[in-house]
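Going by the order they are written in, the chains are A, B and C; count residues from 1 in each one.
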Amino acid sequence: MKHREKISIIAGACLVLSLAASSFVLHRVDQLRPQAPLDEVLFLSSPKVIKRASLGYDGLMACIYWTRAVQYFGYRHHYEASSYNLLAPLLEITTHLDPHLVVAYEFGSSFLAPKPPFGAGQPKSAIDLMEYGIQNNPDNWRLYYDLGFVYYTELKDYKKAAETFARGSLVPNAHPFLKVIAAQMASHAGDYETAWTLWSETYKNTQDKLIKQNAFDHLRALRVDQDVDHLQAAVTRFGERTGRLPASMAELVAAEGLPGTPVDPDGHPYKLTPEGRIEVREPKDFPFATKGLPPGYKPLPTFDSPQP
Amino acid sequence: MRTRIAYIASNTFREAVRDRVLYNLIAFALLLSGAAILVGQISIEIEKLVVINLGLTAVSLFGVVIAIFIGIGLVSKEIEKRTLYTVLSRPVRRWEFIVGKFFGLAGTLVVNTFFMAIGVFAALFYISHKFVPADALILVALYFIVLEFLIICSLALLFSSFSSPLLSAVFAFSLFVIGSFAEDLRNFAGMAHGFTRWLATGAAYLVPNFSAFNVISSIAHEQPVAAQLVLQNTLYALFYAIMALSGAVLIFEYRDLK
Amino acid sequence: MPAIEILGLEKTYMVGFWRKRPKCALSPLQLTVEDGEIFGFLGPNGAGKTTTLKLLMGLVFPTAGTARILGREWTDPSVKAQIGFLPEQPYFYDYLTAHELLEYYGQLSGVPAKQRKPRVEQVLQQVGLRDVQGVQLRKFSKGMLQRVGIAQAILHNPRLVFFDEPMSGLDPMGRREVRDLMEQLKHEGKTVFFSTHILSDAEALCDRVAIIHKGELRGVGAIEDLTSSVQGKVEVIWQGSQVPASVKALGAECHVTGDRVRAIIDEHQQDAVIDALRRERQHLIAITPVRTSLEAYFVEKLRRAETTAGSTA
């Protein structure tokens, strides 16, 4: 049996070595073309073509494209990309293949509208996607919520937002708070409470990690904005009483009877500048904050604010 | 030793050539290239695009079918029909048999692809009336397709070494489909946790990764292909084929031929 | 040096859905085949004959035991160049012609290129297929395939040939030809090991035989020894239409056909019967010793095996 053993050892060694080698080469190939297969998406004529090519296995293809969409966004988001051209087409294909894949609409509403690097910066695509989703899932109140959300956060079109929330509240089994929010849009759209409610709802109700994180970041930013407003008001009161600016945060705290040194959601104390401005220690940690930023720090551009 | 492998390879090639199934498939593929011309005429701007896409896809798909059809005959059918007994009673080592068969089949597929490619180029010439340098990219796509075939052949041999003809065909075809989505499988593995992640990652590396070989759509748009990619793909195909063949040799070495 | 030495070769298959049940195809076999003899390996279908051959060819691996062929380990690849094998009901690449097949096999067996073509022609002539050598094998009848099988087995001039049921599928002419061929091989100094369940063939050809049943060896020996081990009887034929009383009195078995009587008597009664016939003035035609046929020996061995199996069961 000597011959057989010899061959077995050689074959076994070849097997193991070539497995290792092929895995290694595969890794290198990956590095060469990190997102290459998705470039195909740009070349394809339309979602209809893909649907036909799926030969009836729409559901599976939808899942595959959904995974690719998430991977695409996640990868680029990690590197703070300045464009997400393929996100809209990928989501369009996904939802075309499976119009009932609700999580895809959710994802689109969260990440298609915001400007880069937080999203694709295509609010129109987001609205189109959501309307398509609503058309195919008219009994899903969450989709109205997500659409209204886009109008509210990115476009600051409170009227349209109110309309959408109102539409959603008419859906049987809709969450009662939709009616409340619709009403609030009318007069208190700019209030912190409204924003806080909306973002908390999103945070609580989503399963997707990225969406949850996004909502959480917004909530943190809201907290900072609120804190800075309160503290800034305290500085103003101090100034009106004493006719000067507080020398330090400690003085302000003592004078205004604040409960302890004010800290931001990360536990870092707010700064009081010599010019009397309240600022966060690390603006980078609060990407969505609009207050408490050092002068010259570019706030997050929204669609109705002038471009810096 | 080497001459025996050569003899087995050339006999395998002869077998493939005389197998009438082969001709039907080639004819069909050529027909498809012709059909591409008709389809392309519906929309003039994308005529060339359709010819290249449809033509190359036909070459790829039909080649896979041929590779599997003939591949399963390699060992499974021989064992079933007992033609193997009189071969192995001669001074032929079992591993020489496997390797010879592989080269025979690979040779068949290369020749096959050559003829089908002529069909594609003929169709292209018919609609464009000339060739441009970018058309050379089609050769790269064809080269990658041939590399895919080599991997499929080696897998067909692997399954043939222990499985019946029908099951071997099923396994080989399944791996082709899964391999086309291998990148998605790896993405999925990246998003999973715990045992699932481990299992999915293992599967993703064992399964042949065909995603990097499919450049049909990009070369249809005249996107260049990196030379590095050509090298890496060649290496990958080489290592993968060696892996599958080693497995086949190992299994076959111990198999009782009942 | 013996041509084949089987030293305890054994094969047990695992059968059943979960492959857990052992099925013994061959019990440890101890057998020697001498150089230059025609050896018959006899047994009913399913006895283990083909299993033994496959083990020796390396097509199947033994559960235990070894063997030596032409003085070397049976797994030694160099042995293969010196042996030829004809499997049972052979099947060949049907897309090849007879000539192409033999060319291919010649290549694989290492027959030098210059000698290949003439040798192929010669062998085809020997098995009577020269006229159809350009015809694809898919068109061959069973008998023709059998001849191709024999051709490929002797093509490379091996010292030892293994035939598994070589007469199967052949008509009487074909069988005669194969028998002649085997005699020819022996004449050339080759050893022939063949398995069969047709005893008359074995009786006609073999120097020695082995009988195998249900995977076990039941008897080995030269034909004469095996068949004369049973009590000798004598056949007496004389002209007449009836049996004389004196012969009948001896208790002989008599048959009358036309004007001849045939009687089977015991050896020791021979003289008494001849005297009786002479007294009766019967015309004696022939006295022939009757050897037990191989068939009788075979059947008796098998029956004994069954009863011992039955009694031990």
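Going forward, a residue touches a chain if its C-beta (ideal position, glycine included) is under 8 Å from a C-beta of that chain, and two chains touch if they have at least 3 such contacts.
Keep in mind it's a predicted model, so treat the numbers as computed, not measured.
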Is the chain-to-chain touch network here best called a line, a ring, a star, complete, or other? complete
Contact counts by the stated rule: is the higher one at A-C or B-C? B-C
Reference subunit B; chain at largest CA-centroid distance: C
Per the C-alpha means, the centres of subunit A and subunit B lie apart by a whole-Å value of 43
Take the average of all CA coordinates in subunit A, do the same for subunit C, and state the distance between these two points in whole angstrom. 85
In whole angstrom, what separates the CA-based centres of subunit B and subunit C? 48
Hey, what residues on subunit A touch two or more of the other chains? 3-4
Contacts with two or more other chains occur in subunit B at residues 93, 254
Quick check on subunit C: which residues sit in contact with 2+ other chains? 77
Interfacial residue positions of subunit C with respect to subunit B in the complex: 13, 54, 57-61, 77-78, 80-81, 83-87, 89-93, 95-96, 104-105, 107-110, 149, 152-153, 156, 162
Provide the residue numbers of subunit C that touch subunit A in the complex, in ascending order. 75-77
Residues of subunit B that touch subunit C when the two form their complex: 3-4, 7-8, 11, 14-15, 18-19, 81-83, 85-93, 254, 256-258
Across the complex, what residues on subunit B touch subunit A? 93-95, 181, 183-184, 187-188, 190-191, 205-206, 209, 211-212, 217-218, 220-221, 223, 226, 228-229, 232-233, 235-236, 239-240, 242-243, 245-247, 249-250, 253-254
In their complex, what parts of subunit A are in touch with subunit B? 3-4, 7-8, 11-12, 14-15, 18-19, 21-23, 25-26, 28-29, 32-33, 36-37, 39-40, 43-44, 64, 67-68, 70-71
